[in-house]
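To start, the structure itself, in structure tokens.
Order as written gives the chain letters A, B, C and D; numbering starts at 1 within each chain.
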């Protein structure tokens, strides 16, 4: 567990004047008995868990444990064979991607899925798509309401740019950015949606220590500043244990543990399934 | 009412009333289908081995046929026996097609390696223009008669007329498929080619470079194009429209699946038969020339329901 | 080299997002517009109009339309010729059915008809991509041309060749054999300027970004709340609208007489596709550059090879075909974003000179 | 042009000047700030309103005349508004450098008993909070960046915007209050407690009264006039005296527009967007710009390189003859100026260190009229400035009118310590009479710098007096002065001059890798690494030529006799340089003892094989072998005896 030290924030050692001002609410999203199969292969087997409003929830597990599949279920890209998803006061057998997006579920991808032909700014602006309503006619003229709407959303996106400290990259085509910054821009695109829930698929994969620290800081800030619920898949155990409030552990598509980082760390099944083999 | 009758009743009545004519149309359709299949086969070969959708396959057939007729015209004054001329010309054309494959690999494919497939597709569009221009420039653009001595008689089997050329084409196509099947399953290179379709690394570990594979595949596709060109050319002359007719191989592929050789054959037959029968028996409904678009519309409808084709692999998207 | 940008700063997003934020670019645009509007109309003659300017302008228009679909939205289409025919034939029908209708409305409405047809043939794009879609659009090409050739209603039960009736704008004849080159030129130029401006507005706003997001990464776009079908169909609609207007302009202004199987065959589809590949996929400027190249290269080659070197017309034509094909391959290898990117790189270099980066 | 500045006897404080401008020119743009990608403009009325509201709220919160107000953050409108607001109620302001360490804040805040602080963002607020008891005098901490602030629940923390809102309410209730507060402050009251760079001990705080500040900046403006058409981009550290003089002094006196860039990374681009008419750049920065420029042109095509070389040659030649080359300007410098954002520059200053003649001429040729200046915090910044009439690389010009400068304890060459006095200088060090006494003798400020006057009355500054070294034979020399001359060579990155207590001078040289590696590539000299490159005989020969060139301008006794090329670059991370890239001689002497010994020995190689402990506790084993080369230009000892 040497990695855990690299991200020790040291906040607990700080003097008075600090407080966890977040309010963790009731469950905002939950899944019940989800089963996902591809052909004959079971990717997720009867998994249930809930996510509380305002918390950072991690899903961990060895490679192929079904973590990404779980995120894909949550935002509607995969349709489960059985089980249900409870969200926004309703219950669904499967999520619809558009419904997820329009009800405030945003996500990033494990392999960066930016729009490579566009600039950083335009990529972030795509995150505002659902907030922009002006019809085709006004769009043609780029005048009056359409321009007003465009500029208002630009102003919003600029706040995200400021937040993520990417002002210098505004006009750069994202394809030219280094990997770590692409990840940051992708987070920015998700943030531009004003999400209630942010799904992060290995946000720190392939990053160096410094980039990981930056990204962790951004995730914590998003969670604290905007009260955004974060659901996170991450390989780096140190990061997960530092960041998250509660952790779900998957192994071969099944849930083997669920609890606070400390509880999970102490769980024998988890140690056997994951922690034991992670030190390669 | 009259229209519905013409659409729904009359054609089937005609089929039943004139079985010989129906069978003849059917056979004609099958034979056209065989030729579509031959062009489609070339597509499949290249697609399977490199993922490249070779739009120029039809023009390659035209180019091969033009080269063949051109060479035969050149050899004719020599006074050699016809059979020798044909054999020499065919051999030379095969050499030309292999050279062409080498050139294409070097000048088009190699610089575009690792590019998106859609870029490669558009490059083959450009290639088809180059080949068309080159063929016309070298051999002239008039319609040419291609006669390599294939039988042109018509058999009359109980009132059903069947052209021998069509039968020859079917036999040629059949043997080509057989040869290819042997090539792909029994030879080392063939097996490597199959491997490359699944995994480029795997093919490299067999000890064949990607470049070599491309050259081989394009050469084989060139030879297939030559066979298709001979058949089409013998039937209706060598002319530019050949490359357009060859476009019909595209819907054939959609029906049959881009990666399946049997699919190419069966798709070709379905389209050949389908368009002939619709053309002939529904003439009063549409007024003719539906062959121009029937295949494409069929493919379009088909795509809506089964995009991977009859025999193609299922396309799975992963996030 | 020529650019001087010190002291050009933006106080608000409106200024920052304007079409031509750099002062020197505004001057360049002003010069081009002045020449187009105030110089050419006075010097134009029949040859320049019919052989050079009209083809360049109508193909720019059509290339602009196709570029929206292919370059911005990433949906390949080989049905351009068919859609041009829809524009031409629907304008013919409208024009003959309502002789009093202003030609501008006729042409806009025929663009609308084409958009509807385009949407219909765009439906498969929900399920298929790339060259599968290319094949599907071939169906549109072949079916539409067959239809205009076979269904007599479309050519008013006369000859399958249709002829544009004379029509006036502001008292000047713009279509028919008596129309003056200046009037025709200005008529097409008006369309071109207005619709280029609209295209620029579309591609820089919400709709343009939704197209590009579908092109670049459709899965990610869907999860941002972009509806793939709606977005693709909107691209098909806008694209076909432009192509239809282009077809109508070809019929009414440039050629005057067309026959579906000749004027709008599959080679037209290739022609326009090549124009945008050479010009630059996903660039409004690219549509202009590509159309200029494709429309003017044959003229240039004819002057050089036939008139100059005394080559046979046929041979020159073959060379032209080969040249176009080679250039397509060349551009795809060397500069997949075409002439527009080359211009952009040049401009970037000028802006940085004497520094290389 | 005679531009009338406000009468300093009436408008004798900075807030009064602000009020004056807001009354006379309410709609004129005073400040710009790039936020969220676009430039927000503040008119004089906006500026005044913001300062007024903030001041009223601060006053309500208990800030009074004579209190100390601490400021830390990036250069921006909020910073200067906070500063002026505090000054409006008569408080004294201290600016902290933004990367200052906690200990220094603790020291200064505790020592000055700062009552309130402006800390821009969470990071800076953290610094104050972390002090705990060490800064118990602080009653309020004002922040302007909301981000990350939610986790604080310290009651002392208030938001800038809340204060501004509160101030507006107070103003609505008592409209005369602000004017009363401002009028209660006079020119005799201290405006700024400016930190002086204490390299050895804790920093001291120089008391700068309002009246002195206003008058001295007007004096400066007389020598370098500015008006409301002037544009200035604030990129230097805000607490530094010169940035205070420009942003507040020039800004308020001449209504020069001041713009603040978005952040550090975009500063150069933002500066270009504005196109300043006036700038101050340290010689180090200018050298860096010139070096970058050359390095980038080296990567360009041959034609561009040719144009560049020709243009520079033509331009330099013209400058040497006191004119500008029209041709060079058209073909090169026009574009070059634009790329760097210097197109509109009408006046430019530099100072603080020596500068290479080539670089100096390059900027002059480019149309950037560089003038060197000299000054100290205690003397309110610059008090000498070149007149710009001729190319003058060495001197810092003549003193401003009314500023007395003299050299004391001069040696035979006229070199001695520079001492200065003028009517507007600082009043003393805050709560530190002892230090005041040490630096101020009979009303003269002892600068600690060594320098001399030339026959035209121009001052030349050599080095710190305490850094002047002596050879065994008694020759005085300034290592830094010679090192700087060496570093003007594009091929020399760092240089260390040795010779104190020795018979003659030697040098340890670090090549400038970015340039030398390109040179080597062009000359087809193979190399694998910095170390390997530094060992090539061709490179030794190259550097030898450069040193010989410098030797020509040095007195016989100060010529460099031998040198070697160090196997590595000197590194601030290894403690060999200060963060401002000054050589740490003691560290060098200790770490490279064997090399130095070898330089003064007879061998022609220096060997390094020792274990060293770096600052951060790392241990490393250094093993290296370097050639030692003699510089032919220097006379051999035997010859000297003969002569």
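A few remarks follow.
Definition applied: a contact is a pair of C-beta atoms (placed from the backbone, for glycine too) under 8 Å apart; a residue touches a chain by one contact, two chains touch by 3 or more.
From a predicted model like this one, the values you see are computed outputs, not experimental measurements.
Core chain by CA centroid proximity to the global CA centroid: A. Two chain pairs are in question, C-D and A-D; the one with more C-beta pairs in contact is C-D.
Inter-chain centre distance (chain C to chain D, centres taken as mean C-alpha positions): 57 Å.
Each chain gets a centre from the mean of its Cα atoms; for chain A and chain D, those two points are 44 Å apart.
Averaged C-alpha coordinates give centres for chain B and chain C that are 33 Å from one another. Look at where the CA atoms of chain A average out and do the same for chain C: the two points lie 42 Å apart.
Across the assembly, chain C contributes 12-13, 16, 219 as residues in contact with two or more other chains. Chain contacts: chain D has residues 37 touching two or more partner chains.
Across the assembly, chain A contributes residues 77, 109, 113, 155, 158 that each touch 2 or more other chains.
Put simply, chain C touches chain B in their complex at residues 76, 123-124, 127-128, 130-132, 134-136, 138-139, 141-143, 145-146, 149-150, 219, 266, 270, 273-274, 277, 314-315, 318-329, 332-333, 336. Interface residues of chain D, counted against chain C in their complex, comprise 37-41, 231, 272-275, 293, 296-297, 299-301, 304, 307-308, 332, 334-339, 341-344. In the complex of the two chains, the chain C residues touching chain A come out as 12-14, 16-17, 198, 200-202, 204-207, 209-210, 212-213, 215-217, 219-227, 234, 282.
Interface of chain C with chain D (complex): residues 1, 3-13, 15-16, 352-357.
Those residues of chain D whose C-beta lies close enough to touch chain A in the complex are 35-37, 129-130, 132, 146-148, 150-154, 262-263, 265-266, 269.
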